[in-house]
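Pasting the structures in now, so scroll down.
Note that subunit A is present in both complexes that follow, paired respectively with subunit B and with subunit C.
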Partner chain A sequence: MSSIRRIHALAVNTVREAIRNKLLYALLGFGILMIASGVLLASLSYVEVDEILQDVGLGAIRFFGSGIAIFVGIGLIHNEVDRRTIFTILSKPVSRAEFLVGKWAGLTITVWLQLLLMGVAFVVVSMGAEATLRPEHALAIAMIGLELMVLVAIATFFSAFTTPMLAGLFSVGLWLIGHLSRDFYALGQQAEDESVSRAASALFRVMPDLEVFNKTLEAVHGLPIPLAEVGMAGMYALGYTVSTLMLGAMIFARRDFK
Partner chain B sequence: MVADTDEVVRVEGVVKDFRPGFGLRRKRVLHGVTFSVHDGEIFGFVGPNGAGKTTTLKILMGLIRPTAGRASILGCDVRESEFRHQIGFLPENPYFYPYLTAREILDFYARLSGMPSALRRRRIPELLERVNLVHAADARLKTYSKGMLQRVGVAQALVHDPRVVFLDEPMSGLDPIGRKEIRDVILDLRAAGKTVLMNTHILHDVEMICDRVAIIVGGRIRHQGPVDAFLPEADVTTDVVLSQLPADAATRLEERFGLEMRGLGDRVELRIDDKHVGDLLGLALGAGARVVSVTPHRRSLEDLFLSTVRAPEVGPASGGGEEAA
Partner chain C sequence: MSSRALRLLALSIAIGCTGWAHARVPHTTRADRGVDFVPSPRAAQAAAFGFDALVADYHWLQAIQVAGGQEMVDETAAIQLGKLVDVVTTLNPHVDHPYRFAALWLTHSPELVREGNRLLERGIAVHPEDWRNRFYLGFNHFFYLGEYDEAAQALEIAMQRPGSPAYLPRLVARLKSHRRNLDVAETFLREMLAGASDEDAAAHIQSSLDEIEIERKARLLDKARRVYRRRTGREIGDVAELARGEDRVLEKIPSPEPDAIPASLRRGSVWRIDPETKRFVSSYLGSRYEVHYSSWDRARLERWRTADAVDAPDDETVLEDRVEDEEVGPRGG
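Showing the complex of A and B:
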């Protein structure tokens, strides 16, 4: 219980810190601008106007939300070490794992708040353009929230032991791989060499599969999103986040703060 | 080293190697450091820059892992975190979140220490008053001077009323009034039965408030023991200034006590062993001289520190150092 209280205190402080990050507002501003620009793009087409508008909107939410998760997340631990604020925090009865989880939780909450704002912008733009809004749109945005939770965990993991520059490179790399891992897996399965297909399978298990959280197509075209799929995606996000944070905590526990 | 029941901090044979970069050779910064701090004392940890003071303190705080040896606080291994509600730490040149106020940052640290809200509401105003920050309690820390931040640092170290307090250069950046206030806080801690370990360069403060001291040079403890034991009575000398001392009397005094007198106009200045001061003054007054001043002069900790730092290293791992009686 006291561990939860400590994580809560760290998370609240991380939210306070993150909402002062100017990069976050720049990305949020561009995100909202991009959602609004869907109206312009949709006006260029005679068919599927609503679909284009909402496809662009959900794409912008995913892209800029991911940007916030990665680029704010990569400095999360590094800044604490660099400014030496971590010295006084770890001198209190706070374990390094609690510190890491507190930072992750704080940024996840911040990213979800930005997601909510972008979601509101999406609804306003859709209503302004008289596009149909369905519960699937809300589900698709919630799935993006799960993806962002995983991304924050990945950025926190790299931030725990490397510089923001490298953490940024690694996180963006994993984000790209995460959206292409199914394609890599499918390619690997078609290879004649068995070792290549085995390597592709192993890689698919280790790398994040972020396409699990991509329900834009279903939401835009009015296709049903089964709740079981949402549940499975939630379990996957939780599992991947916990594993990533545990691995990060193990590495972080061995670090010296000179 | 025999375990002592009132030992609060115990550092035993601690070695620390750092690797400056990939492929580079390891550099040893601590060579088997051994010392202990007893319950209720103020312990001064003294050494020149780069001696290993802060590294040792970081090992005690669990921020750095020792390469070899072990360190414990209140019988608990320093790698654990649960016992840390019993310790407070002020790092050197502390930095805090600039967007928080002093009241908010103390509340944050109090929460991390697991203090219930009723206790936090009572304790935080008390501490703000103790470190003289009531007037700026609700101002953002980015507006604070270095001295004010240092006082916030002291307050956060004490917010949860710890049993053992570790201070890394607590007087750093403070003006004379600020130093006096922090000195008083440290003395109050001792009066309340707390134990304090203090890293410092300011030897005057060590002499004034510390019960025991350890001198670390080049990652090795060179001396440790009670402060008074470093300043034995035998080392006490007295500076005497006389006026109107006749020349023949001056010659007699020089011969009798083996002195060297320095002339200062119609005055002479001399330094004499403390135990001969009475005889000298009797003879001088008898010869018609007047006494201008008598100033006892003790070998200071600074003298000892400088001679220790300048002395060549002895032995490959003089971890425990020389224990002063």
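Showing the complex of A and C:
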């Protein structure tokens, strides 16, 4: 049995497990409700109505998608340890790294499925409100998918060595920092002390830059999203995910489950 | 009483108490809290955590609430509106209407108008092809600040943008002439006439050129009147006095109608002295060729100018200097 097949089996199992998680449906339900509530919010304004509707829709997709990625992701490993099922899995010819990657792949697929559902809700609401839909909207949602992939990797990473509570705190913290890292970097470059600006640069390289995946404004206002930019964002997401999972696998390999 | 009924009674009392207490809590909204509670654009950007568009929309709805919740937007509310729109346009510069919305309300003082202009300039940078932001900018410059050169500059670009109204070139010409610089206005209009695409547009421009011609004659009469006053020490009784008798200063009174107009279209117009402004006016036009303000707006403009520019040269002095430089034309006496 090749490594890919083992990871595939673990991923399928993780999807089955994740779609039984009630938290996932609660977040998905709130997400769709929020997308629909955009109609109400937009009606409060006499101009920019379509823009507000779609800002709310894409914001809800990103917010609740991130919530699903983080709060379902942080319990991935802990649940297996808690139920002692991890011993059964690891007693088979499955490496710890394959286990971690399988968990990540399964949750990423689950999150992407939720993203697809919320995307459909967004399209339905936009069409119902006769708001313009462009290919840029699909690109923006795809970029959110890349962000969620990175977030699942981060949640899996923390889940590999700490409790769900701490993993949740760290993941949410990194998610927030991920949307501010460019500002921190810019602030650091303005510092008179060179060591501060060097530290800011180093942190900017290490911390996730999640604004890379934020194309809401461009999509809503019909501005072009260059495909080259999407491609580079995809490479960045893949690189960051692989690095995070490799680091997580290294820590997970040394973890004592007793 | 059964325990079920007791529980229902307790629930009703709890709900009633909650409602009673809530009704007595002041229901101020964020918009009611005033300008001190509007975050700085940078702080709002940092707190948005990537949801910039959503936070911008939230502040935009607050701005609408501030403007719509009052019968008249006073200066305090206008300052709050300006700050809210600053947040909106910093977080989401691609918005369209908020730039003009701010400019519409920020009119209580020169500082507020300039703040409105700053926001409009930000809008122009994002939407360079939209004539409306440039139009509002030009309007603010001439109507509120009396800055005719800046106004003409903004409107001249606006009139070249698609969808701009056909009257803009005439307004630009009028603004250019306001500084008594009729030559600039005329050259501008002649260029426009040369490039006019249809007969209607050409007719409109030609009528503006006619207005300039009559204004030029009116200014000649103004100048002649000053010379007459200096020579005789008295005011003229009627226009004809300028070319009549021993003290005449003109060979003849210029026609109050455009010279090139065919005889069949002549209206028998006359020069008269406006009883209110004491200025020469041709009955052909009914008013002088300049930007018109209501008396209230003119007073406001003067008040702002006095407060705004203590050291700056007075506009009227500049105008007088320019008039002195102009040709008087034929001399009599």
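Couple of notes before you dig in:
Methods note: the second predicted complex is superposed on the first by the 257 of 258 C-alpha atoms of A that agree within 3 Å, B and C clash if a C-alpha of one lies under 4 Å from a C-alpha of the other, contacts with A are read in each partner's own complex, and residues count from 1 in each chain.
The rule is short, and it goes like this: a residue touches a chain if its C-beta (ideal position, glycine included) is under 8 Å from a C-beta of that chain, and two chains touch if they have at least 3 such contacts.
Model, not experiment: these values are computed from the prediction.
For the composite obtained by overlaying on subunit A, subunit B and subunit C can both be accommodated side by side without a clash.
Of the two partner chains placed around the shared chain by superposition, subunit B is the only one that A:R84 touches, whereas subunit C remains out of contact. Legend: residue contacts after superposition of the two complexes on their common chain; A:N13 is shown touching subunit B, with no touch to subunit C.
Of the two partner chains placed around the shared chain by superposition, neither subunit B nor subunit C is touched by A:S195.
For the pair subunit B and subunit C, the model built by superposing on chain A gives 35 Å as the shortest CA-CA distance. The part of subunit C that touches subunit A in the complex is made up of residues 45-46, 48-54, 56-57, 60-61, 64, 92, 94-98, 101. Interface of subunit A with subunit C (complex): residues 41, 44-48, 51-52, 55-56, 58-59, 62-63, 176, 178-180, 183, 210-211, 214, 216-217, 220-221, 223.
By the touch criterion stated above, subunit B contacts subunit A in their complex at residues 18, 58, 61-65, 81-85, 87-89, 91, 93-97, 99-100, 108-109, 111-114, 153, 156-157, 160, 166.
Of all residues in subunit A, those touching subunit B in their complex are 2, 5-6, 8-10, 13, 16-17, 20, 83-96, 254, 256-258.
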